[in-house]
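Look at the two complexes coming up: subunit A is in both, with subunit B in one and subunit C in the other.
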Partner chain A sequence: METVKSIGIDAGSTTLKIVGVNEKGKILFSIVEDADPKVEEQTERVLNKLKENYDIESSKIVATGYGSNLIKADKKVTEITCHAKGIYEYFKTGGTAVDIGGQDNKVILISKNGKVIDFIMNDKCASGTGRFLENTAWRLKIPTEKMAELALNSDGEVKISSTCAVFAESEVISHLSRGQKLEHVIKGLHRAMVKRITSMIYAVGFNPPLMLSGGVAKNKAVVKMLEEELGEKPMIPENPQIMGAFGAALIGLSQ
Partner chain B sequence: MDVKDKIKYIFSYKIAGKLLIELNTKKAFKNFKPPKNWRTDILAPPLRTGVYTKEIIAKHYLEGRYVSGVKPVAWVTSGAPIEILKALGFYILYPENHGALCGARKVALEISEEAEKKGYSIDICSYARTDIGATLSKKTPVGKLPKPDLLLCCTNICQTVLYWYRVLAEYYKVPLIVIDTPFVYDEAKKHDIEYVKKQLEASIEVSEKVAGKSLSFSKLKEVVRLSKMAAELWLEIMNANKNKPAPISVFDQFIHMAPIVEKRGDPETVDFYSKMLDEIRERIKNGIGAVKNERKRVLWDNLPIWYKIRFLSEFLAENGVSVVASTYTNAWGELAPMMDIERPIESMAKTYVYPILNRGTGHKLKTMETMVKEFDLDGAILHSDRSCKPYSVGQMDQRLKLLNELGVAALLLEADHNDPRAFADEQIKSRLKAFMEMMD
Partner chain C sequence: MLHVKIPTRKEVIEEEKSKGKRIAAVYPIHYSRELFRAFNIQPVEVWGPPKTDTRKANAHLQSYICSVVQSGLSFYLEGYLDIVDLIVVPHSCDSLQGLGSIFKDFIKPKQELVTIYLPREKNKENVEFLANELKRIYKQLSQLCGFEPDNERLMEEIKTEEEIDTLVLKFYKSRGNLPLSSREFYTILRSREYLPPDKFKSILEYALLHASKGKLKKTGIVLSGLLPEPMDILDVIDDMDAFVAIDDMACCMRRVYEEGNSSDPFERMAERIVNGPPDPTKGNSFDERFEFIKSLVDLTSAKGVIFYNVKFCEPEYFYHPILKEKLGKAQIRSLIIENDINEPLPQQTITRIKAFIEMIRELS
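Moving on, here comes the complex of A and B:
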């Protein structure tokens, strides 16, 4: 049974991410689940299940995310520090890390030696976050993962002017009722989201390379459009969703 | 003057009320101890002289309950040139301060909803909504507000006050004096000062008519002298925070600034700040910091978040972060040197043209940069106040400049000074925490 030196738990608003690393910081396992309302019970259940295959008795636990208050951990750190750590260790370079999560977007400037120089998060508004696409997908009864495909294959684009996740929904419906093609509208929706993220990136000052994390980084249309808007090909980890939890686990190693 | 009003005023305020308040203060001062739930593990006890802040404010609002018909009453904006009114014997009420008090007592939302029910938009400044709500519903935590006989509105803090005071003038059917202060981009021109001076001179006649007496020039000089003295003491109190550890946090300053705003020009205010300065010097001598284990020193830009002062103070202090300087509390001290007792009207014209909110964004940036150097700061929290656009404009660039040119961590914090609906608890916590981690 392999010994897990440190476990990082990222209890986000939409998903729960758990990553275990060995003493060298190598990822031993990673788990991503939809977040339960009772995240502390969910975490305990996942950790108990892990005990079947791993030795986690002496593992350090570092928690981050909105649900981290409820989780028993050796240390609690913000998502900013965890994402910066995870991304920096993964790519071994400073630059601009962009995490597009379910409810929060973060743009983090990382120095050459891995220190957070500056960060910005969306304010009390979920425009441009994962929820923006999820809401519309749900309203249109399209699986979220199909949204990107529709946008990528679209031969046209409708301008969506509202960046409000709630108002965009009614704008989408009104475009459709006026006979606009579904894929054109969905592509426009992606564009609105990407423009919002781009403006956040410029607000802290873009410093290449661009490194993406968070669930939305798996959306190929978002990635392509970010490249179009910024003129820079984003670097994406194999599993972008777990970068915060990975960073948390790495922080645990130095505890 | 109504004789019945006068008797009531003398008995309820001058004799019984004042006596009771003073007795309470004496008792509180003698048996001074921090409130039960005070976090003595992370914070120094509150200032003992703070009991006088309570006394001054309690007396002020108690007088307000009985003053109608006895003294002329004026409602004024926070940056208004009140010295003339003071010299004419007006009782002066600051709706913004009353709004802040409602915010700190957590009743501002309920009161501003009274204005919203009558159709005032939630996009209007939350002070204006609280005041208009209190006017329409008569709801207030201080018992009763006296009706104004005169309104004095000075545009040196924002343009909202212009419309807000027109609403009040319409409602109360009383004269409204507007002092229009030209915006200062760099330096005020001679004709700008002249323009304000002429308006001040013209306001005297209206104020005299309402007060029913003539302005005594020597009285005006005395008020200006006391105003200047209090402001200088206040400045000295704030500058004491250049010491490490800082003896009085900005969150304490938010509370103890009430007299410099509401009661400047009174001799009691001078005595009060003088006592407070003694206590602060004592703290410096004994090495007492407002935050125990002061590790990081930061500045606060913009208005306080009145309904979250305690929370923010403790949340930051838990991590050894002390807020030691602020552009906001500084605004009531920085202009003191401009006051000239020998030329009261002219110097008032100059003083009231120069508040931070009537100057370009570059000036605020310079003020913050100076603070970073003089107070040896590690970071800056810029409260982006939904209700105060003139204060918040430019903060995006100011934040970047502080970060890039001075190398201090800087955070933009989205909230509202009086409307708790614009405060997202978890979001604010996570941003503040990340800001603190960044400073480490």
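Moving on, here comes the complex of A and C:
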């Protein structure tokens, strides 16, 4: 049974991510589940299940994310610090890390030696977040995964003027009722989201390379448009969703 | 932990009234406490208050007016200020000037209404302007109270305020040696908004007796803005093993005035306000504000500055981009957040404050 030196738990608004690492920081396992309302019970269940295959008795536990206050952990660290740590250790370079999460976006400037030197995150507004796309996908009855494909294959684009997650939904409906093509509208929706993210990147000061984390980094249309808007090809980890939990686990190693 | 019993605003009002004093409800920011005290008027400041239901004020104010003014008007309309004898509205910003006009033209309060037109920028002409403005208010108060305090009486009150300002500065400088949480420190400091000078002075002196030689080994923060409300922001900072080492807030440090030079009481009161610490509502230059904030950082070895802005406070917003840039060039990290004094702190704001403290700790 392999010994897990440290466990990082990222209790996000939409998903729970758990990563275990050995003493060298190598990822031994990663788990991503939709977040339950009772995240403390969900975490306990997942950790109990892990005991079947891993020795986690002496593992340090570091929690991050909105649900972290509810989780029993040795240390609690903010998502900003955890994402920066995870991304830096994954790519071994400083630059601009962008985490596009379910409910918030974070743009983090990381120094050459891996320290956070500035950051920005949205507050009180879901524009440009994963929820922005999810809301519209749900309203249009299209699977979220299909949204990127429709946007990428579109031969046109409708300008969406509103970046408010709620108003954009009604704007999409209004465009469709006026006969605009679905894929054109969806491409426009992605563009609005990317413009919101790039404005945050410029607000904090873009310093290449651009590194993405968070579930939305899997959306190929968002990635392509970010490249178009910034003129810089984003670097994406194999599993961008777990970067916060990975960073938390790495922080646990130094405890 | 230091246990200090501070009377509430209500208790102070009741006690001072029973002594025959008049009570003035004073809206933010700058005014001469000493002028009112010379007329046996106890100023009780109205900074909101937070968590007020603002529906009644919404009928009079645009939605982009800050929550300090929204709450302040609602507080009056709900009848909570019925007990006071006069209402004082300094022209600190457009919203407060608007509040003064609403009182005068639409609400027409039963109490005496005193408005104060405050000049901007430090210069001789503005001292003269404000001195004349204070003379006008003196006449208004004389008519209300039926007597005219002489210069000696005015100077006595001015000296008391100057003494207290010196004591407040000492309190600030001892911050790192005081066994007080940020919430306790600011609860004491802000009791000046309504306590008579002798009571406030004795509380400060008592707290200062408990100053130890050992400095707090925590991360110091400079808090800039209007007021620390909701006070949960102070708890969030303390929970991160940090503390507010000093502030650049309108309700506190920006009103710790220097001693005046003039032997004329009106000129001296005017000098104190005009020559006071830089303040966005006084139109001080970017450099003046930057130098002042930097001096606070240097004095306390603080590791960063949090600009905690009340939503829609235009004078504060105006300075943020340049101040952030200037502080950045001086290797001083800063964070800009905004909130409404009637709302609890959102989780995102808490995360940003915590991440900021993690960042500055890592960088220092």
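To be clear about the criterion, the second predicted complex is superposed on the first by the 255 of 255 C-alpha atoms of A that agree within 3 Å, B and C clash if a C-alpha of one lies under 4 Å from a C-alpha of the other, contacts with A are read in each partner's own complex, and residues count from 1 in each chain.
Criterion: a residue touches a chain if its C-beta (ideal position, glycine included) is under 8 Å from a C-beta of that chain, and two chains touch if they have at least 3 such contacts.
Keep in mind that this is a model prediction, so the values were computed, not measured.
Colleague: Putting subunit B and subunit C on the same copy of subunit A, do they fit or clash?
Modeller: These partners clash in the superposed model.
Colleague: In the superposed arrangement, which partner chain does A:A203 touch: subunit B (first), subunit C (second), both, or neither?
Modeller: After superposition on chain A, A:A203 lies in contact with subunit B alone.
Colleague: Determine, under the contact definition given at the top, whether A:Y66 touches first (subunit B), second (subunit C), both, or neither.
Modeller: A:Y66 sits against subunit B and subunit C alike.
Colleague: Quick check on the superposed pair: does A:I173 touch subunit B, subunit C, both, or neither? Answer first, second, both or neither.
Modeller: A:I173 sits against neither subunit B nor subunit C.
Colleague: Counting only touches as set out at the top, which of subunit B and subunit C does A:V77 meet: first, second, both, neither?
Modeller: both
Colleague: With both complexes superposed on chain A, which partner does A:L253 reach: first (subunit B), second (subunit C), both or neither?
Modeller: In the superposition, A:L253 touches no partner, neither subunit B nor subunit C.
Colleague: Pick one for A:F119: touches subunit B only (first), subunit C only (second), both, or neither.
Modeller: After superposing on A, A:F119 lies in contact with both subunit B and subunit C.
Colleague: Can you give me the overlap between the subunit B contact set and the subunit C contact set on subunit A?
Modeller: 66, 77-81, 104, 116-119, 121, 123-124
Colleague: For subunit C, which residues count as touching subunit A in their complex?
Modeller: 333, 337, 346-349, 351-352, 354-355, 358-359, 362-363
Colleague: Name, in rising order, each residue of subunit B that touches subunit A in their complex.
Modeller: Counting only subunit B, the residues touching subunit A are 384, 396, 400, 403-404, 409-410, 412, 414, 422, 424, 426-427, 430-431, 433-434, 437-438.
Colleague: In the complex formed with subunit C, which residues of subunit A make contact?
Modeller: 66, 77-81, 104, 115-119, 121-124
Colleague: For the complex, which residues does subunit A have touching subunit B?
Modeller: 66, 77-81, 104, 116-121, 123-124, 203-205
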